[in-house]
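Okay, so chain A shows up in both of these, paired with chain B first and chain C after.
Our next item is the complex of A and B:
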């Protein structure tokens, strides 16, 4: 009998122990930002002292593993109160359509839109679905940007001076001339983490905007303009010129961005292509590094250079969370000026609150000054098929290593594009 | 009459049978939950188009399998895995056998060497990949190569051999295959050493009395006696090498064009990059089928060898 009672108690213990923790005064946040965990915890402490609500920041890194965890949690319906979606807009749309993300439009528009107005519109647009969007998502704002970022070129002031270069290049021809000057003193030109295809895609996309403008790019994504068009071949030719002028750091096509950041921080290359998060990274690797940020040098003087930029990281509220209101209140507090100044100072990222810009370091100001030139795939009306994007990146790699000509690369990308268009048509 | 009696219900017999089932139930339950159900789910998904999150899956029959048959990159990746496996079968197993032979002799630091040779498999594949990426780094700073290999080549006045190891299609995959072999030879070494120690020493003594030299002993005693062990190591090498991917990711990121693609990186891409879970599952099924067929074939060969030996 005693044994039976003991077994019963044990079963009860296991059963109740496995039940979800529904402490109404605790908000759980899942994120992937290893460099921000300490700062988040400090902010969580402040918030608890202020409101009595405990905020638990749970870190899951690296970002790939985090993405998989989020997908698995969505499948099992165990998402936390607040979380971020690292995937492209298409995936974000699936999360929204499946009912995993709360629509925050009303909250943003309360009190004459004070919350919405305090944040950078371009950062907010990443989380916005417009009327008639191609994903068929109900129009609205579905996420809160906690910082903003943009991806630009960086130059090492000391190395440029050593090569007799007075100012950073403004045109692509000037850039190539500078590369020659740098090669003469034995310094490598451009480093970037092109082993990560998205960064390579981003660089190519900047030049596509400069060479042909947004309309033509969107027309290509819709399948109306082929990749074999002269303007696209011109985009591919950029990489041929970089290769022929020996501008690329050796091994750039298989380099992860972490290593590329190390190479630039240790002054192994004069130029880098990296995001504004690099300020914190370089500071950790080489605090004495003297560098500046610049837009990628233009090829076409008649069209603007558009760089990728938007919300660096965004948080979404779980639509089925019982603590939805508390989670929203916390995000309002987190994105208010005071907290944003603190977050920016501690993590050296650009704040998402426009009023917090006044107290950021010089290098971040340089990044911030380009916020008018930013664009981002998440804000475009159309996005390219992921397989075409992969082929696009791979073909650029093959131009960079001298395997293919721009024309051959364009033909291959177009071949995959046609195949994917047909597939989409059949699916419909 | 007696037969009818035997078929009657017997509580004791039922109790015995039930007890037997009760004992195997935990194992069967675990097997069903963690092996059969996931396999069924993967098989089921392979006939669907699914983005991995949405609530709806579209049944497309054999559509994913048909697409795999036409997917050139997939079959190229299979070929690459085959190349890595071939190098592992030759280089890794030759090295493992050579070292096992040396440690099978009566040498002083035998135990020390056993530990040293088994170290690489213990290391994390990511760590090994990153270390070798640093060794094979092709960058230059102040006129000097940064990568360890290129640095030593320069110091040895072999500047013509300095190379862009991981970003050249001619060398990238071979480098990955060699690093994989370096990492994997340790367990082959342990299995082969165990195999060598099972060979009756009297055979060697008898051969020596008959005037056989070391080469003859190796050819006529060691190698024939080791054939079943070789075959087992070969099966394990094939299964391990075909599934290589962590090394690839840590050494060349998302890959050098399509020159370093292997099946698992393609499956990962289909799943996380392209959000095509159904297609990824179909790739997994095809890949698993190929691995099972190769293992069975080798197993058959192994059995034939054993039968020949018995005759």
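Our next item is the complex of A and C:
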């Protein structure tokens, strides 16, 4: 008898599990952002009360599993109404060309472009394909940024004060002087996750923009300027100076950013190089941490310092969704000022709506104030060959631990660059 | 002479016990560390290096259970594990018995096909599996996930059981046949009871596999109410930040049933391994 009851319960359980929601008044959103699920659900409730439309946020994490699911769902033609694409722009372009992503240009430009103008243009550019883009995608905007991010330097206010430093450094020379002052009281200088090459590349790229400007960098990527050029050697020399002045935290070139974040949060170093997402991370690890954000101190006073920044996360609308219009309306609502302030306060991320900046916490405001100085590889006309970028990062790691001189590093990167240019020429 | 022999034996024993203790500590230390981290706060977890935390927070287990929504996920994981392991034992034992004891055309070909399936990593079959499940209208259903997981565990289980059945004496079968047993009867009354140690190995391997599985569940299931226990753990891991104490508390809750299954079945497992259940 007990077995029969058990089997009956099991059958009910399976049948219950087989039922699927096909409500036409429900929008389904797939995402990978575990830390935002609660906030998304709160917003979905507000939206349902306002419009009667149910928004179901379905979470799939970690991001690798999410990417797999998106690719599989695209092939099975069962993508949800709204989703995000985590992969690089090339994969995004494939999705657009396959007809999986709705072109939102017209929606953005409606009512004299009110929606487009409300969002950070540089964040929107991540989802934009320009005329004549290398991916042969029809020009347009294909995604909606729900938050933005940038990567800057951070300083520990308490440690700086302890070393008698009144304000954060503005020039690289001032920064080195501050490091000496910190070392005198036994405090470590700069920590970052430079075991992750992209973060190291980001730091070097900031200084490349400051030393030589965008045009010369793009010319280098095109193969018209060698890495052995004086300006590039100057970029490599930054790391030599950091090494020689004992500014780098022990083991910095092998550290993952997660561990680097712990070191800064636990006040083991006075400066960090990290993205705006760190506000949330540091808050979790040490809510009493007193710190501020600043642009990396300039080497060249004549050119601006450009930092990396872009859309933090973006949502795309399924082009074949029967609820496309409802999905777009929801995204418009989600990126409007009020919802963006709420999202930013709850998740401690930078809002994608520029009007929401006035109502966010102080530290986020400091990050946001640099939004006009941002750039990102995905918005550049040319990108460096991945192997050259990898060599570039590894050579900088070698300089940082004293295995290479800036000149040797420059020669090695140039050698790889020439090899890759020849390979590309042969392929053509 | 006797003293020399005794000294040698004592030295050997000390060496052996030191080695075993080192291995045991290596295995137990991560579990102990997980449990002590589960009793801390986010502020102390990176600072307090003591094995027993200065301030203990048992409420983390309650928070992990409620915040992670473990109630529903726990039931789901139990259903999936029991159904899949039962399915694997039934199908694998029947198939292994057929491969070992019956003669039919293409026997070796099919067996090697099963073995070849072991070489295909699960992520490699994600996309076709997802497309197939959608075509069969089995995506986002419990039965779809269970069938896929049974399929995942079959190859190794058939291989283990076939090796075991190959060693079974034909005289036992003959005796059963003379007593009027059919082929299915021999499988049910002779082969299966004898294969208990091998089945124990299969049960523990597959229990671990299904209990800890998450990637395939993420792929096939959309509804939160159908997800297994591992889904609850994801709540504590953000894109950039992690709530370590609650994650560790969640991991402790997740690990407990598997540890209990292992403790409950360890006698059979050791027997199964020493009886050559996975020999060959």
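Definition applied: the second predicted complex is superposed on the first by the 380 of 428 C-alpha atoms of A that agree within 3 Å, B and C clash if a C-alpha of one lies under 4 Å from a C-alpha of the other, contacts with A are read in each partner's own complex, and residues count from 1 in each chain.
Keep in mind that, in the parts below, a residue touches a chain if its C-beta (ideal position, glycine included) is under 8 Å from a C-beta of that chain, and two chains touch if they have at least 3 such contacts.
Remember, predicted model here, so these are calculated numbers, not experimental data.
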Open item on the list: Going by the contact rule set out at the top, does A:266 touch chain B (first), chain C (second), both, or neither?
Closed with: both
TODO: Examine A:278 and indicate which partner it touches, taking first as chain B and second as chain C; both and neither are also allowed.
DONE: second
Open item on the list: If we overlay the two complexes on their shared chain A, which of chain B and chain C does A:68 touch? Say first, second, both or neither.
Closed with: both
- [ ] Scan A:188 for contacts with chain B and chain C and give back first, second, both or neither.
- [x] first
Open item on the list: Is A:76 touching anything from chain B or chain C once the two structures are fitted on A? First, second, both or neither.
Closed with: second
TODO: Mind working out whether A:97 is in touch with chain B, chain C, both or neither, as first, second, both or neither?
DONE: first
- [ ] Mind working out whether A:46 is in touch with chain B, chain C, both or neither, as first, second, both or neither?
- [x] neither
TODO: Check whether A:33 is in contact with chain B, with chain C, with both or with neither, and answer first, second, both or neither.
DONE: second
Open item on the list: Taking the superposition on A as described, I'd like to know which of chain B and chain C A:60 touches: first, second, both or neither.
Closed with: second
Task: chain C-contacting residues of chain A that also contact chain B - done: 68, 71, 75, 266
Open item on the list: Under the stated contact criterion, what part of chain B meets chain A in this complex?
Closed with: 49, 51-55, 133, 137-143, 146, 164, 166-169, 172, 251-258, 260, 269, 272-275
Task: In the complex, chain C residues that touch chain A - done: 42-43, 46-47, 79, 83, 123, 126-127, 130-131, 134-135, 139-143, 214-215, 218-219, 222-226, 234-243
Task: Footprint of chain B on chain A - complex, ascending - done: 64, 67-68, 71, 74-75, 87, 90-91, 94-95, 97-98, 100, 186, 188, 193, 195-197, 249-256, 259, 263, 266-268, 386-387, 390, 393-395, 397-398, 401, 403, 427
Open item on the list: Taking the touch rule as given, give the residues of chain A at its contact with chain C in the complex, in rising order.
Closed with: 10, 13-14, 17-18, 20-21, 28, 32-35, 37, 58-63, 65-66, 68-69, 71-73, 75-76, 78, 258, 262, 265-266, 275, 277-278, 280-281, 284-287
